[in-house]
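Look at the two complexes coming up: chain A is in both, with chain B in one and chain C in the other.
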Partner chain A sequence: MSAVAIPGQRVKANRRRLRLSRVGLHLFLSVLAFVFAWPMLYGVYLSLRPFSDIITNPAGPFSLPSTLTLDNYAYVIANSDMLRFFWNTAVITIPAVLLTLWISSMVAFAISKYSWKFNLIVLLIFTAGNLLPPQVIVIPLVKLYNAIPLFAPLSANGRLFDQFAGVILIHTTFQTGFCTFVLSNYMKTLPNELVEAAMIDGAGVFTIYSKVILPLCKPALAALAVLEFTWIYNDFFWALFLFVTGDKRPITAALNNLQGQYVTNMPQLAAISMLAAIPTIVIYLVLQRYFVRGLTLGAAKG
Partner chain B sequence: MSKIDTEGLAPAPEVLSGAGLALPDKRHHHYSLLTARDKVLLTLMVGVPLFVFLVLIWGTTLVSVALSFTDWNGVDPIRWVGLDNYTYLLNGYPFFWEAVKNNLWYLLVFIGFATPMGILLAVLLDREIRGSWLYQSIFFTPVVLSLAVVGLIWQLQLSPSAGNGFIDSMLTGTGLVAPANAPDWFGNAGPLFGIGILPSQNMASVLLVASWRHIGYIMVLYLAGLKSVDPSLREAAAIDGANERQTFFHVVFPVMAPINVVIVVVTVIESLRAFDLVYIINHGKNGLELLSTLITNNALSEAQLIGFGSAIAVILLLVALVPIVAYLTRVMRTEE
Partner chain C sequence: MADIETGLKGQVSRREVLKKGLVGAAGLTVLPTVLAACSSAASTPSATPTAAPTPTPGAATPTPAAGTPTPVALTGALHVGSNHSDPSEKKGMDAIDAAFQAATGLAVTLNTVDHNTFQDQINNYLNTTPDDVFTWFSGFRMRFFASKSLGTAIDDVWAGVKSNYTAGFTTAVTGDDGKVYGIPVDYYPWCVFYRKSVFSDKGYTVPSTWTDFIALCNKMKTDGLTPIAFADKDGWPAMGTFDILNLRINGYDFHVGLMTGKQKWTDPKVTAVFTQWKQLIPFYTAGFAGLTWQQACDTLVQKKSGMFLLGLFLTGEFDTADPSGAAKKDLDFFPFPFLGNQYDAEKSLDAPIDIWMMSAKSQNLQADLANAKAYLKFWAAGSTQVLMYKANNGFIPTASDADTTQYDVLTQKAVQIVSAAQKITQFLDRDTRPDFAGANGMQSFLLNFLSNPGQDLTKFQQSIQDFWDKLPAYTG
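The block that comes next holds the complex of A and B.
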């Protein structure tokens, strides 16, 4: 490729320039990386400092710690119902992710493997809806949830409003839009001969879906599971407006009230923020590959 | 019963198993092979989720439009008021234009700063450089945090020094700024630099924080796109004597057209959906008004101005339809 002969001196000059630009590049990137990481690093640091450290120091938190301790974590866990909020998060997030993947994989299977006339229309309805700002529909949704009766044990108050089931339902519905889009694109890349061969063997639609197609979609499903977990875990909006009972809110939405309680004690507020951040950061660090793949599966095909 | 009927229609198995052999009339045979039970099952598989989606998402959207022509507090009978809500919105309600201005600035800062910055980082990190993976991880970490957590993390930085925010404590602690002059980053609703057309000072802080998270998001999306660009294109450009900048703008950027559309759509949608960050800071009031927070603050607060809130929702819907339609047009084109 670089078969063009270049006089020796120019090569040297070019190399020097290249090395200089590399140094500049790393300098730029490291400074930026520090700026990006700083608020999170500081959050960890502050959460480990005793409050007394900060109020006795004239420069407040701009000071060195007398000691680092986990007391703030112990305090907020013991005093703030955080464990309950985490439990609520699990009760909402896990079923919502599983339902989303199950339902969207069925829809995607049906519209991508059988030449339905409505194939494109279904996809458009889902994708467009998925892109709507949720605030556009929240008012009627609250009214609708209040009007829809629901029986125990799915509902404790006889309605869909202020119930886990209601929040799980809206997450599942919204996210089915995105996942169907991604999964149907993925399934289209699987050879149709697989379905045809199975049909010849007498397999029914459900067998083909569960025994032939679904196993082949494992990479896409894993990527989507990681992505959807993060998104639903991070939801603030729905849980804020579809619950009125504060005790039912998941951790992210509960931060709205927790903030008011702990704003006067910054180290404790930092501990709360870090606790709320840990699950998604751990998932991201451990399953980074899936996470990024999930995002790009959705984007690259668009 | 129909199993026997359809078997006759199936192509011979030898033809099917022949790898890469195109089947004649593939599509027609698909359908005819299905039993009645299979057809019912497939209809349910698509029909039930589609029905729920239509009711919960598009049905409620239509109800929002209908409610926007009413005056309703959620309890008394609904009263139709025609375009009254819209008239008041455009002429009498000061927060509306404040929100429009803030949403526009959100979009402007994302399109003009955060998105190009994310693209720049992607281009820089796409090359073979040491530590690329570490840089990528750091830039991307804010994206996995909820915006509520992001708001809290930045409050630790930007609270006033009396509230032990880090930046102001540093400014006053080092004597750089007198305590009385320390900025109230999230609190000061006055216009930035005293210039009316600029966003309020606290909105400017919010935009920086939002960019902190948006940059990494765009970076990852763009990196994926760059990886899919055929390397031979770059080699050809290099042989023709193009430098890196020329190669990017004249070769790589144009072939990335599909990703570029996604990036623009994501950016516009994100700036219209913006809600969590300003809500956790001050419930979207006092300089941080956005169309999204006006909706909930009017309709889902004690005020219960459901008709009026719905009118704002309709405005947001109309604006959101622009990127949505643009995106769908693209999807349709690739499908065909």
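The block that comes next holds the complex of A and C.
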């Protein structure tokens, strides 16, 4: 009897321990989730409050509201010229993502499906480019951009500096490395027989790339497109250094326009930040399965 | 070294700049030459000297607001770079550009970049594709870029508008090479702000001596107030306190010498400044190193703090925080307390001057040159500067013909305090070389001191001096 009772007790004890660790886990996860969600939640809360309410309240921005209002949103939509800045973002982000995917898929195709001397070196160079912090090249880059002539309509001032083309170019340059790395790993998982079969059927290199490999890479391309969109969309750095015309900046850098020298209306800044975050949130919610896949793509070779 | 001395000379003689400027601005003198200046301002630059169809208004009536330039049609384009990014300042810029268009028929292309980014980017901006004219600051900051050939000398423009300024202003806009590089358009003084209602409710009196000041701080503390609002997240607000303490303790000449490298940071006189400063730190807002000045100012709006040493631009935050204007009406200020030494008579203070400059590397400058000069001349008129003043009362006009009847009580008081001052400085980061004042230099040194006031001052001052000594030679 006792031999039976002991295991039973042990099961009970295990279950209790299990429940305890479960509770602990959930507590930990809830706290973590809250910490991560806090900036967003607080941003929403702050954006709904009138500035005078925050100022007059002794607890400042952490006080309880006397009223909540959408006035800040109405104000920034009417006064911040944000449509222009969203348009600027689109003008930068969309071509940059397309260019990046196009170029990197071609490089990846060449180094994963063809065997030639410099395969590894090329891949290494592209991957190593990822490790270079953009900050170290910014000053030479500004000087270089200023010295490189560019024709209209790509450039309004005859130079690469202070132009959309320049910012698109540097994004493409920096993102191509990562995309090449991921795509070449992905392409390596595609059976070589497909390429060989196409070759026997008389397909040229470009036909194999566009008709055989690219369609098979769709999941990888979709995942990368989502990732790249969020990264380039969120860029603040290049936009800050490569534009000196305030009206050309994308929405991220233009948020600074609302932060004056003498007066910063925090609720308004919060409101426009929330609006600026919407596109990335929407993209993420709609395409989140690609997003998660994108993060692990190329992590394991098949 | 010679260059630095030239700079120093410029600063020494600047002592009279605002004093004289303000006497003029107070409407005591209406210069008849103003009219001549303005009409020449409008006629010289035009490539097409056809007068606009509108009749010249009041060309013969010498009213104080006679700065209205003679309408002359301008053609072509003009690119204007502005750091006026606050909503009120934007409105002021729009009003001025509209007035310029009304007067000349030329619509300017305005490029507004937020103030802090504009300042951070200035090197980039001036070296790459700057606008034709741009907003900047007088003092070392102007001379620095002028000496790097990033500004265009505008002696001809200045010659036309000089009569609308008191003589001292010339030094404020003269570069190391003796040429004029800027048009002064506004200034603001640094004073100690407080709420009249708080002082009257608690029976406080405005302190004029250091002893009174400290006693008042202690009293405020026991009354549950933060005696002195303070914030230094952006690095520069603390410089205001250093400036005024150094001016009060060691006088104007030593301060200017220190700024230009003639005096050493290891000097015991500097130790005295930091030692004096230590007495104030316990009265500061908690966590000031992470606060912006706006946040500190809000505590004054909320009557949670008693006093705040800042520039007059602080009124802008009051306008935003309390649109009803009640809080601003309750606002008052006094000059920083005196220490009872021989420098009291100087009544010195920081009162930085803002200017407009003409860039050198703008691609359009050759084509726009005439328009750019016309625009700068337009800004030299009191009527133009008053438009900005009306939009934001933090910008006090510099032109002699500015209509002083438009001024509010605070501005009139500011004009008085600055007129009384025998010596005027521009603010630490405008009076010394930018690489010394910047984030790696004084900004971080002062933050370091404030967060650790008990440290070994000898070592601390030595580190500042070492930093100065390691800076590359300033080749003016």
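Here, the second predicted complex is superposed on the first by the 280 of 302 C-alpha atoms of A that agree within 3 Å, B and C clash if a C-alpha of one lies under 4 Å from a C-alpha of the other, contacts with A are read in each partner's own complex, and residues count from 1 in each chain.
Everything that follows uses one rule, which is that contacts are C-beta pairs under 8 Å (C-beta built on N, C-alpha and C of every residue); 3 or more make two chains touch, one makes a residue touch a chain.
Everything quoted here is computed from the prediction, not taken from an experiment.
Overlaying the two complexes on chain A, which is it for chain B and chain C: clash or fit?
Aligned through their shared chain, the two binders clash on chain A.
Kindly classify A:Thr69 by the partners it touches after superposition: chain B alone (first), chain C alone (second), both, or neither?
It touches nothing on chain B or chain C.
For A:Asn256, select first, second, both or neither according to whether it touches chain B, chain C, the two together, or no partner.
Both partners, chain B and chain C.
Classify the contacts of A:Thr245 with the two partner chains as first (chain B alone), second (chain C alone), both, or neither.
second
Have a look at where A:Ser210 lands relative to chain B and chain C in the superposition and call it first, second, both or neither.
In the superposition, A:Ser210 touches no partner, neither chain B nor chain C.
Would you check which partner chain A:Ile103 touches, where first means chain B only, second means chain C only, and both and neither mean what they say?
A:Ile103: touches chain B, not chain C.
State whether A:Asn157 touches chain B only (first), chain C only (second), both chains, or neither.
Second partner only.
Mind telling me which of the two, chain B or chain C, contacts the most residues of chain A?
B
Under the contact definition given at the top, report the residues of chain A touching chain B in one complex and chain C in the other.
54-55, 58, 60, 142-143, 240-241, 256, 259, 263-264
Please output the residues of chain A touching chain B within their complex, sorted ascending.
Counting only chain A, the residues touching chain B are 1, 22, 25-26, 28-29, 32-33, 36-37, 39-40, 42-43, 46, 54-55, 58-63, 103-104, 106-107, 109-111, 114-116, 118, 120, 122-129, 131-144, 169-170, 173-174, 176-177, 180, 192-193, 195-197, 199-200, 202, 204-206, 209, 230, 233-237, 240-241, 252-253, 255-256, 259, 263-264, 266, 269-270, 272-273, 276-277, 280-281, 283-285, 288, 291-292, 295-296, 299-302.
Which residues of chain A touch chain C once you look at their complex with the stated criterion?
Going through chain A, the ones touching chain C are 51-52, 54-58, 60, 79, 142-143, 145-146, 157-159, 161-162, 240-241, 244-247, 256-265.
If you look only at chain C, which of its residues touch chain A in the complex?
Interface residues on chain C, with respect to chain A: 83, 85-89, 111-117, 121, 124-125, 127-130, 292, 294-295, 298, 301-302, 304, 313-314, 316-317, 319-323, 363, 392, 394.
Can you list the chain B residues touching chain A in their complex?
Those residues of chain B that touch chain A are 3, 10, 13, 16-17, 19, 23, 26-27, 29-31, 33-35, 37-38, 41-42, 45-46, 49-50, 52-54, 56-61, 63-64, 67, 74, 121, 124-125, 129-131, 134-135, 137-142, 144-149, 152-157, 159, 161, 163-166, 169-170, 172-174, 212, 216, 220-221, 224-225, 228, 235, 238-239, 258-259, 261-262, 265-266, 269, 272-273, 275-276, 279-280, 291-292, 295-296, 299-300, 306, 309-310, 313-314, 316-317, 320, 323-324, 327-328, 330-332, 334-335.
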